[in-house]
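Several structures are given next for inspection.
Two complexes come next, and they have one chain in common, subunit A, joined by subunit B in the first and subunit C in the second.
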Partner chain A sequence: MSFPWAKHYEPKNPVMQWVDSRLPLPRFVYNAVGAGYPVPRNLNYWWNFGVLAGVALVCQLITGIVLAMHFHSSAASAFDSVNVGIMRDVNAGWFLRFAHANGASMFFVVIYIHMFRGLYYGSYKAPREMVWLLGVVIFLLLMATAFMGYVLPWGQMSFWGAQVITGFFSAIPVVGDWVRVWLLGGYAPDDAALNRFFSLHYLLPFVIAGAVILHIWALHIPGSSNPTGVEVKGEQDTVPFHPYYTAKDGLGVVVFLILFSVLIFFAPDYLGHPDNYIPANPLSTPAHIVPEWYFWPFYAILRAFTADFILPAKLWGVLAMFGSILLLFFLPWLDKSPVRSGSYRPMYKVAFWVLVVDVLVLGYCGGSPAEPLYVILSQIAAAYYFAHFLIIVPIISHLETPKPLPGSITEAVLTKTGA
Partner chain B sequence: MTSLFIKSIKFLVGGGFILVLLIALYGSVWGVINEPAAETAEHAMHKHPKELKLASDGPLGKFDLRQLQRGFLVYKEVCSACHSLNLVSFRNLKDLGYSDAEVKKIAKDWAIKQPVFDEKGGTWGERDNVPSDRFPKVYYPGTGTPPDLSLITKARHDGAAYVHSLLTGYNEKPSAEALAHFPDFAKTPDGMHFNPYFANLNIAMPPPLTQDGQVQYSDGTRATVDQMSTDVAAFLVWTAEPTLQTRRTAGWAVLAFLIVLGFLTYGAYRSVWAGVKH
Partner chain C sequence: MAIEADLAGPENPRRRDYLQYAAVSVAAVGAGVVVFPLVNSMNPSADVLAQSSTEVDLSKIEPGQAIKTSFRKQPLFVRNLTPKEIAEADAVPVSALRDPQTLEQRTAKGHTNWLITLGVCTHLGCVPLGAGEGENRGPFGGYFCPCHGSAYDTAGRIRQGPAPKNLEVPKYNFTSDTVVVVG
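Presenting the complex of A and B:
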């Protein structure tokens, strides 16, 4: 499962020898994230974001478990248990709440950069398709978890967000309304919905943790990719994960924590919506229902479909929104280019950066009110999004002449450093 | 034949979504050209809050306790007739510098009492508030639903500035130009009051602060309408997050720790990678 020159675990401490010979857990950790895992020596800081996502997950688990000790999952008292109990009466409860709410944002920042890293450097290509597929599964689970978590404080946006999102299911022909009532446990979000969302919000992070273990396992079969996209050829191309990448990623973790702390301690409500400080009121619809920022690009795609063409506009919107994520599952087979790294693919590189701008435009439109100009902009941007993955990338991979690749990772490093 | 279908399915799916989007786009553009959206009264007359500076602003801001006490007085004398403060407890007032005895007295003298249910008699009665009680709910029978004010500065954009602007915004009238477009606004409906800082423009709340000196300040500050509305806005920033100052103090300590840790990890990184080209 690793390169032949990988270091072997040889515990010197008799206790560790005793444990390792009975349950080789220390060996497992050593081979996974210790000195026993050889990693390309040329990884840049874009490769830090997998570790950061792990850190974000752990932060969310710890703050979330403690918050759950103080939360009441009932429509009558959820808002007060958060805004009085946790925010005012629990010692440092404000810290837990702000760390958890902003931790979700930090998690998505990290995940989006991690995914775009994969897109630019072709990390989804053979032999790492399974790593990518599991990554998309984790992304879907993360979105479901974040959505249900946002419902729990039972503010106005919680309630109306739940109303809108579960409304997607009513777009299903014939059985849609029945499915929605079944999922909510009622005709509108209420105690039944709040309790099942709380239950699932507690469950899914552990499912994510399981999927992360599979993601890392699948990664360790071929080993990490690298900025040149050229496979490891020998021992000179790699360094052991520990201490080299524990030290390098450690610095990234501290920078991550500094940005995270600025949000928690100095701008805890900056990314939130004021309406969620108003208790849920089924009789008063907010002027603009908007999800959290990390859903904005997908919300823009949903709202871009305004024409009934064969199918109702709403069904098109829901299909396109789910389709925009599900198509990522097919990416390893849509991009046929044998060259992985965008650095050696002149046409793909341009398409990649256009996609980044396109997704930012979609995000901007998704966070704006549904006024005609934003709708027009999101219709163009959504069309480009589908064109990128389903038309442009497959065609580019046939047309493009890649730049010559370096002979090996070491050769690329030595050329770059001028030795 | 089958393999050709499989090969082109991506183009079919992509082309399908794009086609539907182009049809929708055509509809949107046609709509913009042929049926431009009518200007709304909100767009013509609604104003963003006036700028307001408070001692608690910014990463180094601290509460001005005397101002918070004045603001509490304004809340008590004016706002509390209709608006509750139900997420705050009387005991929290100690943060504003009141002594235990003062807090006890404020709770005991509070006009609205705590409802209690008599299990034996099966009837509702009431008792005086004690410091551990939350400010009691206010049941308002008139037009409109006065919101609870505990979180109001977090529940509105530019919360404190919004509160201050709303309280001082009753004198403003729609411009002649706006009235020409929206003649309905020449006469405000019965029981409503025009206020350009309110989202719906017409608000059910009558002007609460109408004359200087409406609240008796004991610290010598001149109780102008502008001063009273600023003070109550400052007070409501505190009620929305009494731990605000603790949060920032903790933040500076955390940042100082992390910056030192950052230098150490950078040193570790440099020393581990010394001599390894990458």
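Presenting the complex of A and C:
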């Protein structure tokens, strides 16, 4: 783990010496996010988003734990405990609630940028496949956690979101209906479902934290990638994480917190849905059910299947939606190009930006009503999404002639600055 | 030494294997016995199952009208079909349907005009429109799900859109001409 020139932890404080010799936790932290972790010297700001995701997770954990002290997980009183209790009666409850709801959005903004960074710079390639695989696991856990959290205020969108999303499981052949009833603990979302979602919504963030530790552990074995995709060749290619990247990430955290504050204080409901201020009503579906924005691309893929073909359309939709994420697990082996960074891959670079546009189109369609135009657009965009990973990327890795790579990170840095 | 030779000696190599398999098997059965109640506890509890029947008074539902009530916390549609609606449903060739069923199979004998179904779209569980006064009944005059555009006909059968099945018909019994017990 780490490079031979990494600095060694040598505590001067006798208390730290005493602790370190009995439990080397300070050493562990020093080697993970301190001066003991050498990092390529050329990381750009897109590399801030891993740390930002960690900051977002901590924000969610802290606000969530306090909110849980005021929340009632009962179908009769959940809505009021949020919209009356927390929003009006609890001291600063409105702040906690808006910070938590918008914190989820900020978390997904950061995670999506982090993932696309990985796609552009080929961060998923050997020897960092495990980092990528764990990242996809974290993404799935994050989606499950966010979904269950959205159910808790028990408004109309909460209720119907729970109904629709647990409905995915009824698409499973033969046992589907039984699985759905088992998941909900009833025939429709009610007390049983609300309580178990609350329990799991509290549990999963800690599972995520555990997976994040594995993610970082797996990262620190080869060390961080960098914008050239050329591996570190010597000490001149790296700088210690602290103070260089703690400072650079610190600036990113400040920008993150400014945007986060703008949302909380000036547009707290901008990303939410007005229907969720109506208490859950099992007898009336809102005219236009949409999930939160961060699920729109996947929702569009789900709705893109409208005709039966061997299997029922509903099952295709669900399979495609889960498939669109599970596909990412295979990416390290679908992209055979030995060159990591998109900066040196002229064809891949184009495909990458087309994918970005494609996902934005899917997102736009997923947030729109299920009208024919949007359905057709989703079908095209969903087909392209799968084609990107299954056809375009593998073919490009054969056809493309990459640009010449710099000899080393240092060479790239010095040429760029003209030194 | 004697005991070790007895357990793992080359002359009797399978005895230790046997003990190992036996111990691990007992542990696995034990783990299964513990996991079962944990998993099973997530099934509907007794109080949820206890709400499993609903009585509906049909006397106030005029032909052409429908009501929305609740059965096991799910919406239940009770609709009094007009002769025209019954004729429309009967006119459809069953073989052309996604989930082939006749109106007769979906209603009680002698009460063909009473279409009693769950108001749960078989796609992803939204409540279709059409049971309330003035709601959009869709292109087939039955029910229309606004979520993803599934259209049901006057027998509650899926005709268009992503839903795979007809609206579910729960078990029910006519206790008199105007009272039905669902569940």
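What we mean here is this: the second predicted complex is superposed on the first by the 419 of 419 C-alpha atoms of A that agree within 3 Å, B and C clash if a C-alpha of one lies under 4 Å from a C-alpha of the other, contacts with A are read in each partner's own complex, and residues count from 1 in each chain.
Here is the rule we go by: contacts are C-beta pairs under 8 Å (C-beta built on N, C-alpha and C of every residue); 3 or more make two chains touch, one makes a residue touch a chain.
It should be emphasised that the depicted structure is a prediction, and the values quoted were computed from it without experimental measurement.
**Q** Would you sort A:R196 into first (subunit B), second (subunit C), both or neither based on which partner it touches?
**A** After superposition on chain A, A:R196 lies in contact with subunit C alone.
**Q** After the superposition on A, what does A:A313 contact: first (subunit B), second (subunit C), both or neither?
**A** In the superposed model, A:A313 contacts both subunit B and subunit C.
**Q** Taking the superposition as given, does A:V350 touch the first partner, subunit B, the second, subunit C, both, or neither?
**A** Neither partner.
**Q** Name the contact category of A:A387: first (subunit B only), second (subunit C only), both, or neither.
**A** Touch status of A:A387: first partner only.
**Q** Under the stated touch criterion, name the partner, subunit B or subunit C, that contacts more residues in subunit A.
**A** Counted on subunit A, the partner with more touching residues turns out to be B.
**Q** I'd like to know which partner A:W182 touches here: subunit B for first, subunit C for second, both or neither.
**A** Second partner only.
**Q** Output check: A:A287 vs subunit B and subunit C. Expected answer is one of first, second, both, neither. What do you get?
**A** A:A287: touches subunit B and subunit C.
**Q** Check the residue A:F305 against both partner chains and state whether it touches subunit B (first), subunit C (second), both, or neither.
**A** both
**Q** Of the two partner chains, subunit B (first) and subunit C (second), which one does A:I264 touch, if any: first, second, both, or neither?
**A** first
**Q** Following superposition on chain A, which residues of subunit A contact subunit B and also contact subunit C?
**A** Common to the two interfaces on subunit A: residues 287, 305-306, 313.
**Q** Note which residues of subunit B are touching subunit A in the complex, please.
**A** 10-11, 13-15, 17-29, 31-32, 37, 59, 87-88, 92, 134, 147, 150-151, 154-157, 159, 199, 240-243, 246-248, 250-252, 254-255, 258-259, 261-262, 265-266, 268-269, 272-273, 276-278
**Q** Please name which positions on subunit A make contact with subunit C in the complex.
**A** Listed in rising order, the residues of subunit A that touch subunit C are 160, 163-164, 166-168, 170-171, 181-183, 185-188, 190, 192, 196, 282-285, 287-289, 303, 305-306, 308, 312-315, 317, 370.
**Q** So in the complex, the part of subunit A that touches subunit B is made up of which residues?
**A** 41-43, 80, 83-84, 87-88, 94-95, 98, 239, 243-244, 247-248, 250-251, 253-255, 257-258, 261-262, 264-266, 268-269, 274-275, 277-278, 287, 304-307, 309, 313, 316, 320, 323, 327, 330, 334, 371-373, 375-376, 379-380, 382-383, 386-387, 389-391, 394, 413-414, 417, 419
**Q** In their shared complex, at which residues does subunit C touch subunit A?
**A** Contacts found on subunit C: 39, 42-45, 48, 68, 70, 72-75, 98, 119-120, 123-127, 145-149, 161-164.
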